[in-house]
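Heads up: the structure comes next, in structure tokens.
The letters A, B and C name the chains in turn, as written, and every chain counts its residues from 1.
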Amino acid sequence: MEATAHAASAGTEAHAAAPKRSWLFTRPTAKTGIVSWLTTVDHKKIGMLYGISALFFFLVGGFEALLIRIQLAVPNNTFISHQTYNEMFTMHATTMIFLAVMPLSAAFFNYIMPLQIGARDVAFPRLNGFAFWVFLAGAIILNIGWFVKSGAPDAGWFGYAPLTSKAYSDQFAGDMSTDLWIMGLQILGVSSVIGSLNFIVTIINMRAPGMTMMRLPVFTWMTLFTAFLIILSFPAITIALVELMMDRSFSSNFFEAAAGGLPILWQHLFWIFGHPEVYILILPAMGIISEILPTFSRKPLFGYPIIVFSGATIGFLGFGVWSHHMFTTGMGTMATAAFSLMTMAIAVPTGVKIFNWIGTLWGGHLQMRTPMMFALGFVWMFMFGGFSGIMHSAAPADAQQQDSYFVVAHFHYVLIGGSVFGLLAGIHYWFPLIFGRKVSEFWGKLSFWLIFIGFNVTFFPMHFLGLNGMPRRTAVYDGNMGWNDANLVSTIGAFILAIGIVVYFAVMIRTYFKGEKVKIDPWDARTLEWSLPTPPPEHNYDVLPTVHARDAYWYEKTHREEIAKEHAEHAKAEASHGGIHMPSQSWFPLFAAIGLLIGAIFFVNHMFEWAIGGAAIFVLGVYFWAAEGPGGYHVHLDGDDHHDGEKH
Amino acid sequence: MPLFFGGWLNWLSGPQSTFDVAGPVAKSQLDVFYVTLWVTGIIFVIVASVLTYATLKYKARNAADEHAPTPPQGHGNPLVELSLIAASVLALVFIAVPTLKAIWYNYDVPAAEKQTALEITSTAYQWWFKFEYPSEQIDGAGPLVTANELVIPAGRAISINLRTVDVIHSFWVPKLAGKVDMIPNRGNHLWLKADKPGYFWGQCAEYCGEDHAVMRFRVIALDAKDYAAWLAHQKAPARSVTADDGKPGATYTAYTYTNPGRNAPGYTAAFDADPLGSWFKWQKPEADEDPVLIAKGRKLFQEKTCIGCHAVRGQEGVGVSGPDLTHIGSRTTIAAGLLENSKFNLHRWLTDPNGVKPGNKMWTTGYNSDGKTVFRIDDEEARALVAYLHSLK
Amino acid sequence: MSTHAATDAIDHHHDHTTSTGIPNKKLFMWAFLASDCMFFGTLISTHLIYRLHQTPNSPDPKKLFSIDLTLFATFVLLVSSLLVALAVNASQKGATKSVRRLLLGTIVFGLTFLSCQVFEYGNFLHEGLTLSSSMFGTTFYTLTGTHGCHVAIGVFWLTLMYIRTFKPADERPWVLRSLGHLVVFAAVAVSCIITLVSAAHAIEEHGFTAAVLAHAGQHNIVTIAIALVGLGLLNWIGRTSKAVDFGEANAIDIESLGLYWHFIDIVWIVIFTVVYLLEFL
């Protein structure tokens, strides 16, 4: 609703003075303090909110993982019960995927992407805030289970029917753990889709002059691909969840075997979402790596078009390989063969990226800063994960590996060695831009080595466990299976990894308060966001940049005179338009999201009348949101913000 | 370091190892795995060397390197990029061809062996496996049924129909064949063959609820003669021992029982040393059995309503929702492959099922069916039931 | 984006403030519809997969469906699409009065479609087809119900847009009045649907005679009264409005709404073909 001018119809004059407004629509203007965060529409603040929530849930998920590893440290362990163990692995996966890695990627999309394309905000700033609050509502619902009698969801993050049906997931009357899982994921889906629609419009429509698509930084490209993957794949799981919810709440038959239901259908719908989801998790990290490697190699990305097109190819093929998660479901020879070959095909664009990253290093001057260490760690670990992925693509070999610890090893190499390393690299890389301080190289590298070693000690032995026949999701194992040593080593590794993560965050927190202050562009980087002061002002760019080349900021640095002249001209033009236009803050995204949260909680408890009340709050929130209009005010660079309400 | 690498090889030799294969299906799967391992291994060595070289050679070593003028700003080399793409595609062809061959080979029993193949239907329950032999019909009782221990003839192709009565499970005996899922409303099947007689560990490989971790089973392959003898014995009704048969064996109940606690191991090194040999020992009646105690146990088996869920063909047991116990005494394991079938373990299972397998159906629909009162079996009753069940050879 | 937007002639096909010239809202709507395609694709696939499998207790859809009714509903929805297209056109010319009339027309046709659906559901329930009676009931109600929800949301949005055209140009407080307007509108709509559907059921059962109509009228006296009073109120609100803050600049809002409305129309045509017509092949 916000982007279009809310101009008066012909005949009515624009309003010079601030009009009288009802108290309901008085826009909050606080720039600091709690209200500024609750009502923010600033993509940087929203990015920060995403980041902090994601890191919190990253620690929660990590804690769950440690409990899992303690239980498996020795055979026949009684540290936690089967039931608790099942809750742990369900919530560990759900948390890490939906509440840690995806929102952490969203944090970078929010904070960095608009800066990279030279925009002052996203296309729909209030909708952006709404996406975050809805995310938080979903996260709360997913985790309510820990605090109520039902317990946390325990049907696995993949929720295979019919284990999730009333008959098998209702140990006692009113057990709502599975309902919480269904509702939580649906709400997170809403958040992801809304956020992604916003990013798509932003990247396509809000680029600075001269920022053609083939000049977009690779991170922005990966944001775009991820956003498309999200809007096209989340509907599949949302509908699957709706069907499951109908089964559980309204006695329909979708996955009821007695009524002819096909539980295999759930698997298809789940993995049509689930496989693109894998790329939703990895593409942002690949984007970050593609920013860091050129910066610290001090030369442009090798084969930019190929990197971009391979990203697109991965995204596209990602929709055609879902059944490789189902090689053991008896699909028949033709389907198995087809999905095997498709899966091998997807290894090509992935491999191409690795070749091009190495090409980027080749002939450069590599500066081994901490972000670069994480980036190189990413390349190595992702390569490992990629190779075990190729092993899975061979369906006959996969018949032994599927649902064994070999798979656990594989996807942790891709998701920790890949996604998480990429995101941790990104935090180090952009920390100076966001907070104006730099992490000490010693502590940064120490945390890198602890994480790198801990990670490998944890997950490398799991390849052996899987090939030695240890199935996943098993709360106990016997001591005579030959799995004892590898499990113990793995648990020790998990603690090294945990120490590494603690050091990483402790260093970050210390740096936030006491780190070495940096000036503009501390890494001598190549993309536009580094042309900004640290931290960037609310309106990002005093003068919207004009882009003349890929690696736009590098060009600016090598053509300073030309750029200075251009800036002066543009500044004058912008001033004549009344200054820099910024969107107003708003309470209603939060208001609507709270309605959604209330409605969802009552729905899960099967209190449908009350749920309608929550829905009504949501609708009212949206109504007020539309009625208050986009609003806006102008920033004048002399520091005098001029609020002129709805009209301008 | 060598010790460390040596250790890894030990990590691949367990009873569920996918390397120590014992049949053609597992073998073909292992061969495909080796192909993928070689191809990816070679690519890895090449790529990793180039990456290491690039990192070491171009790394800034000192302040002078750090502040050196920027290197040439090259944007890539299409020829290099395209040839690398072509090379990757070529490498994948090496994997694709054996993969396709093995997909067809593993799918069904080869045509030449179709005639001689033995058909078995395996049905999964939360949390145990039922095995039926459709070709072995028993008058008035349908096909031969057994539970949790599948006995097959070695050297013969076995075609297994995979069914489930509740949620999704997966049938996996790593040394014989990769897994295939058992899915409601879906008629899956797999085939396997054991080259030689042997004792194989299997386990459910798809998460199926609270006790997924302890849903295990065994496959015992016998030579043709032993298999025929086993079959004849299994098709006979349950062995009946009455109080008048022979003299009481005074030593029979001379074991002490204290509950070893949750998740306590149920296996022994003596058994693991020669599992197949142990299996043969299990087939013969115990020398010191106590007919009086057995008769008491048989009565308790009725009184405690065990007969409602468990069948003992030829005797009182008629239920079908639990494992068939007609020849339970001849099985090496109880509680779905979790515990060795010793007096101590059977005693433990009967007196504390929820401690052995939390939330199992014998507990939730039998011992604690209303969720409040718990039906107990005391020490003396347990000893009688153990004597009875172990007499069912 | 800027004040001169109102004074310059508005080019409805290009927005010079965006990189591509496509207005943000339009691009957003297109991307959303791509996503929505996947929603319906999944639901339609589910229905088809279960139609291709034997499921127990499945009724014969050929006996169940009243194809005349559905054909009528389809026609009604198609006409509503035409009306919304005309509304977009009118809004781009700044013809607010005509926009109002066309939006109202679209709303009436949308509500008629929904009434047909409610009527059809009533018949099916009467035949014993419920959400849990068979797999056919499960997939049929979920798919057509989801589409019905989309139509209902569309009608709600059309209504909001209709009410929006009354926003006064001066700064009189308007939000509470608009909420009142909305409530009256909703009351009229719901009353009309209830009256019509119940009358249709009566006619179907007893034939189209004056006595039946009179009885149906008597039976629904309350809803008819609400509808009549509401219509009067709506008419009054419409007449008393002065200069409004609604014009060419709002055309993009109507256009986005129109895109959505066309989309659910197209989805219905797919559903009509796949769920209804295919059964008769």
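As a working rule, contacts are C-beta pairs under 8 Å (C-beta built on N, C-alpha and C of every residue); 3 or more make two chains touch, one makes a residue touch a chain.
Quick caveat, the model's predicted, so the values are computed rather than measured.
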item: Pairwise touch network: line, ring, star, complete, or other; value: line
item: Most distant chain from subunit B, judged by the mean position of its C-alpha atoms; value: C
item: For subunit A paired with subunit B, centre-to-centre distance based on mean C-alpha positions, whole Å; value: 39
item: Centroid spacing, where centroids are CA-atom means, of subunit A and subunit C in whole angstrom; value: 35
item: Interchain centroid distance [CA atoms averaged], subunit B/subunit C, Å; value: 57
item: Residues of subunit A touching at least two other chains; value: 260-262
item: Multi-partner residues of subunit C (each touching 2 or more other chains); value: none
item: Residue ranges of subunit A in contact with subunit B within the complex; value: 75-78, 81-83, 85-86, 154, 156, 160, 162-163, 167-168, 171-172, 257, 260-264, 297-306, 328-330, 332-333, 336-337, 340-341, 344-345, 347-348, 351-352, 354-356, 358-359, 361-368, 376, 379-380, 383, 387, 390-391, 393-404, 461, 464-465, 467-483, 485-486, 550
item: Complex interface listing, subunit C residues touching subunit A; value: 1-3, 5-6, 15, 18-20, 22-25, 27-28, 31-32, 34-36, 38-39, 41-43, 46, 49-50, 53-58, 94, 96, 131-132, 134-135, 137-139, 141-142, 146, 160, 169, 171, 173, 175, 178-179, 243-249, 252-253
item: Residues of subunit B defined as touching subunit A within the complex; value: 7-8, 10-19, 26, 28-30, 32-33, 35-37, 39-40, 43-44, 47-48, 50-51, 54-55, 58-60, 65-66, 68, 70-78, 80-81, 84-85, 88-89, 92, 95-96, 98-100, 102-107, 126, 162, 166-168, 170, 172, 174, 177-181, 183-186, 188-189, 201, 203-214, 261-267, 269, 272, 358-359, 371
item: Residues of subunit A touching subunit C in the complex; value: 1, 3-12, 14, 19-22, 24-25, 123-124, 193, 197-198, 200-201, 204-207, 211, 231-236, 238-240, 242-243, 246, 250-254, 258-262, 265, 269, 272, 577-578, 581, 623-624, 626-627, 648
